[in-house]
């Protein structure tokens, strides 16, 4: 059984249907990429999984449990973390507080401290700025913080909404290194990314979203060479 | 428009808002009067009916209450509670030519609003001086006086003026004047100033809650001398505020439950039976307001049956009748001058005696 | 006619409250939560009351006759404009609740000053205010308030359409972005604030004769909150909101009079329910979303 | 491609510095931008690029240094003044008027290019101007491909579309200099190449000078006439794309393995 | 404080003993007035700090707490309300079978529960809809109107006072001498001062030092993001309302043991001053509420006698001036905005 399964999911903003009858699966331990043009509904999909949006039709099932009736915090409790679009760092808290709040549900205080140390190692920038208010970080620093914060909860399923956005090339590579490592540790990742080539190189399968529906899907290695995908998303 | 039976008299007082403490006593007083006079046969056989309209706490509410009563065809109105409201609403009645009796409007200028406006509440200036004189009788050595008043209460402001003049006239030395708000609860600052001034008489013009708290804090912080309370403190409500510390306050009264007239004794008995305490001045004045209407109406009715009158004519006639009569009321014998100002003969000075922490009485002083 | 006799005061009050709601709406247009309106209302009332009863102005009154009333409006509007500028320029650096509270502080200070001055009649206030144009009945004040309302609404509509209105909206939405787009926020915020102040002042000046008396209890914190409720319950994004809100909320306690003791309890309940169930405010019930204006034909051709 | 005025500096920074507490976000930075060029600004995260934009647009007052625009000192000018002189920008963290429609967003930005005062608006004497404003707004929306969604609220647009709308809004004030803070963020490769063409087009069509912050190196190299590189608040290199990308300091600080 | 006092004393060389005593007395007065403001404002600021709205019903809860405790401790009603003939504890001599401390606890708990109900029915639906936060202000205003008038309907507008026996055999005032001048302060005031300090320290600890506090701050700043981190937003908001109601009820009762319950509007009259206090101290700052209360209390206490007419205006004048100088209030943090 798939770890995460979206079954005919539709989501509306008021009268506007942003995703319609979308079905997809993410297997345990797998990295899956979701790509699509601006406004295709990628963010909407991730927000629906985290229950920040109401699901109008269909079911979202995680490890056999239907998420569609749960509160957002209950979803996190099941082991799903998200690094959201627009970073959404808590601007008035320090970097360190943001990270500690990422581990809010964890009781293993000592491990948390260890993880913090590891995060600062990975992102030295954050380490230097641990007492700075998150709202005053530069765009890219905030992006690092958002990703690190999501990691702090040690999720089973990690949802990343354009993690490379606003990051310098070196850091982008670092992010993908992390993704690979996590995948090796068995963490499942659903990745929304505009840097499609890079993302597909790091993932097993890819879904292509167009105007709220899946138009292509399959092994990334195959899709990355698909003419149509190439043309539309990979800039030829 | 014909006059309806039973004869409707309007009562527009503050039943809600933070003036309700006063207003609800007026409702009680008026209700008791209604019951009493109807038991006596009303207006020569025709019962009266009080129509209540809440003025709430603001001027617009008072005007609305008056307009509603006028529209409903009452022959006259007892109300409103506050002088400020009277300045807003009385002109409405005046223009509609509906007689008004102010039950508790003591500010200068109320009866002068118009021909149809009169009041059963004595203006401040005549009541207050008695208390100062009484205090000097009790303790001729008094020299230094502190005066405190609620500056946001129209009544207290004019009362304190009278107090201060009287004190000066009596050759007393007003060493400090302190102001507060009726909504205040903490008076430590004022009390400290009073204690620092080493006075032997304190005169307070305020309402029950603030005045009572002031007295309590004065006593708790060690003031030992005499205290005079203005008319706003003239209510048994104060007992529950200052408790035992109320003991000994001198109060100048426009009304005393101990007034010996027969009607007052009936009123006091009725009130006590229902509420287990002495009636306060506000109840007595509202009662008086209703009584004056009833007695004036009786006089008219004897000449020409009320239900044969045109409403407008009756209102005009009633206004005339009110001003010429003299009435034996719980306030004693009263009458009105041409403008509608009250002539009241009897004023009182009482001293509070507390039985225990919650019950006490106003003991009438000669 | 009887109807007007009986309900004239109420009707005029409703229009008056609608105007006061509007006076709060202007600062809100530029995103400023100002609760200063009651202060300017009180001030306007005092200006009028003083001009109309103070013996010092007896000569002026005799000379001007009924024009005195017009003069009171002008003077009240002018004084409020000046004071609005003086208070607005420093205060409008504040935002949200901080601004609201600073304006409330301003209202309170005005109130205590009024309470302590002789010209304002202290706690008793000023009374025996002559009736505008010899009006006999309260409903006649509709002849003042209604035209003022009409003019104000027309003014508001034009304002909202104009470049100035757009600048207000931009500042309301994001002050920093508006600044970066070339709109000087302070200037526009002060402008919006002053418009509200002037309107409140003029309404105050008309209301002094309307209420027969004026005292320091006019324009209190309670009034601030009431006006705010008008705007929010009515709908804060449309000029009809404060009008509807002011009218209906002011009417409510009167309509509920038959409930006697329960009327204010029910009044409160209605407030709660209205905020819960009218997301767009009252106007939301009446306005269908207007079809947005189509693209001008010329531009289409150009394409 | 560049006009005859090419070479004349339109923007000059002299020793611009900005401290935040102990941190020097922009440190003694001096450079010139020439009229009509497309000037790139790159550097690692937190290097001070956005802060530099903020200094240039008046949103952050500098701790030191001076800035001249067309020979005029604008070091401490308020944002709205800078905007009215002809500098317009987009934001890294998108700052649209979220509760207003796309059309209104673009109309508002024409504030500095219109003149109808308060009373003219009240008395309806601004008809002609309003018509022009509306026409231009529609044209700009056309230009970025959002005209068919003109009445939608800005908040309802997806991330990439919001970026487009911001560009349209910045153009609406008819700037002389356009500052774009990561305009391609959130766009895929195909969209990025469209954007590159688009920036060139508007530069030519509106006679613009363009400053771009961008992390996508190929885009920058391809688009810009000259590039400045910031690292830890300091300017470590300025020059044409080829020379900058060969500069060892730049490779070490920024390009890393990818170069 | 002591240093300041001695400086002041030096300033008045002529009669140092007397003036120092005067100063000390004013200081104590100010602290006692201020602690009443502070204790009222604490519950206010709690809700503000998390929801960013003013709960106008707080004044009503404050009063209701006092009424509830009074009912439980004394069990007697007045002459005007619906409940006038109801005997709560029939057959019990002396009013109530439970003592004041228990009544205080129960009354405050009930007030906390009321806070929860208000949250559930007057605030949550608005939040769920993502409505304009200002609407919550109107909704709470409605709740306040309902509560105040219900109280009036049930028990009338009269004044109620706790018997002086509730604090056992404590003397009504504490006094000591400085030089020859006696300094006095009411015992009740001391109790209120101490209680508000204790509450402050407790709250300060919970919010500043624990995970709960961190989560609360996250909810306050951005509920959606907080929920994305696994924080149960609704639960925290509920807890906040309970705490605020509990503190409000407790504070109301304490204050009314000092001043009596002067009618249903008892709490409302603190509302505006309380607002001034929390804004002055810095919105959402717990120590700010206390500092704000004390500053305003002290300012009022030090207003010279001949200006006592303007005593009330002083609080607001200070507020106005401070806001102009320090827009975020005394202890508030400036909102940083990076673009």
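Just so it is clear, A, B, C, D and E label the chains in written order, and each chain counts residues from 1 on its own.
Assume a residue touches a chain if its C-beta (ideal position, glycine included) is under 8 Å from a C-beta of that chain, and two chains touch if they have at least 3 such contacts.
For reference, the UniProt names are A = Amino acid/amide ABC transporter ATP-binding protein 2 (HAAT family); C = Amino acid/amide ABC transporter membrane protein 2 (HAAT family); D = Amino acid/amide ABC transporter ATP-binding protein 1 (HAAT family); E = Amino acid/amide ABC transporter membrane protein 1 (HAAT family).
All values derive from a computational prediction rather than experimental measurement.
The chains touching chain B as well as chain D are C, E. When the interfaces A-E and D-E are ranked by C-beta pairs in contact, the top one is A-E. A centroid comparison over C-alpha atoms places B as the chain most distant from chain A.
Averaging C-alpha coordinates per chain places the centre of chain C 32 Å away from that of chain E.
Note on chain placement: the centre of chain C and the centre of chain D lie 42 Å apart, centres being C-alpha means. Separation between the centroids of chain A and chain D, computed from CA atoms only, is 29 Å. As a whole-number value, the distance joining the C-alpha centres of chain A and chain C reads 50 Å.
In chain E, the residues touching two or more other chains are 149, 309, 312, 335, 337-339. Multi-chain contact residues of chain C (touching two or more other chains) are listed as 115-116, 176, 261, 264. Residues of chain A in contact with two or more other chains: 136-137.
Pairwise, the chains that touch each other are A-D, A-E, B-C, B-E, C-D, C-E, D-E. Partner chain D is touched in their complex by these residues of chain C: 155, 158-159, 161-167, 169-170, 173-174, 176-185, 191, 292, 295-296, 298-299, 302-303. Chain E makes touch with chain C in their complex at residues 48, 54, 56, 121-122, 125-126, 129, 131-132, 134-139, 141-150, 153, 272, 275-276, 279, 283, 309-310, 312-313, 316-317, 319-320, 323-324, 327-329, 335, 337, 339. Interface residues of chain D facing chain E in the complex, by the touch rule stated above, are 50, 54, 59, 91-93, 95. Contact residues of chain E toward chain A in the complex are 211, 214-215, 217-218, 221-222, 224-234, 333, 335-338.
On chain C, the positions that touch chain E within their shared complex are 33, 90-91, 93-95, 97-98, 101-102, 104-106, 108-109, 112-113, 115-116, 176, 221, 225, 228-229, 232-233, 236, 261-262, 264-265, 267-276, 279.
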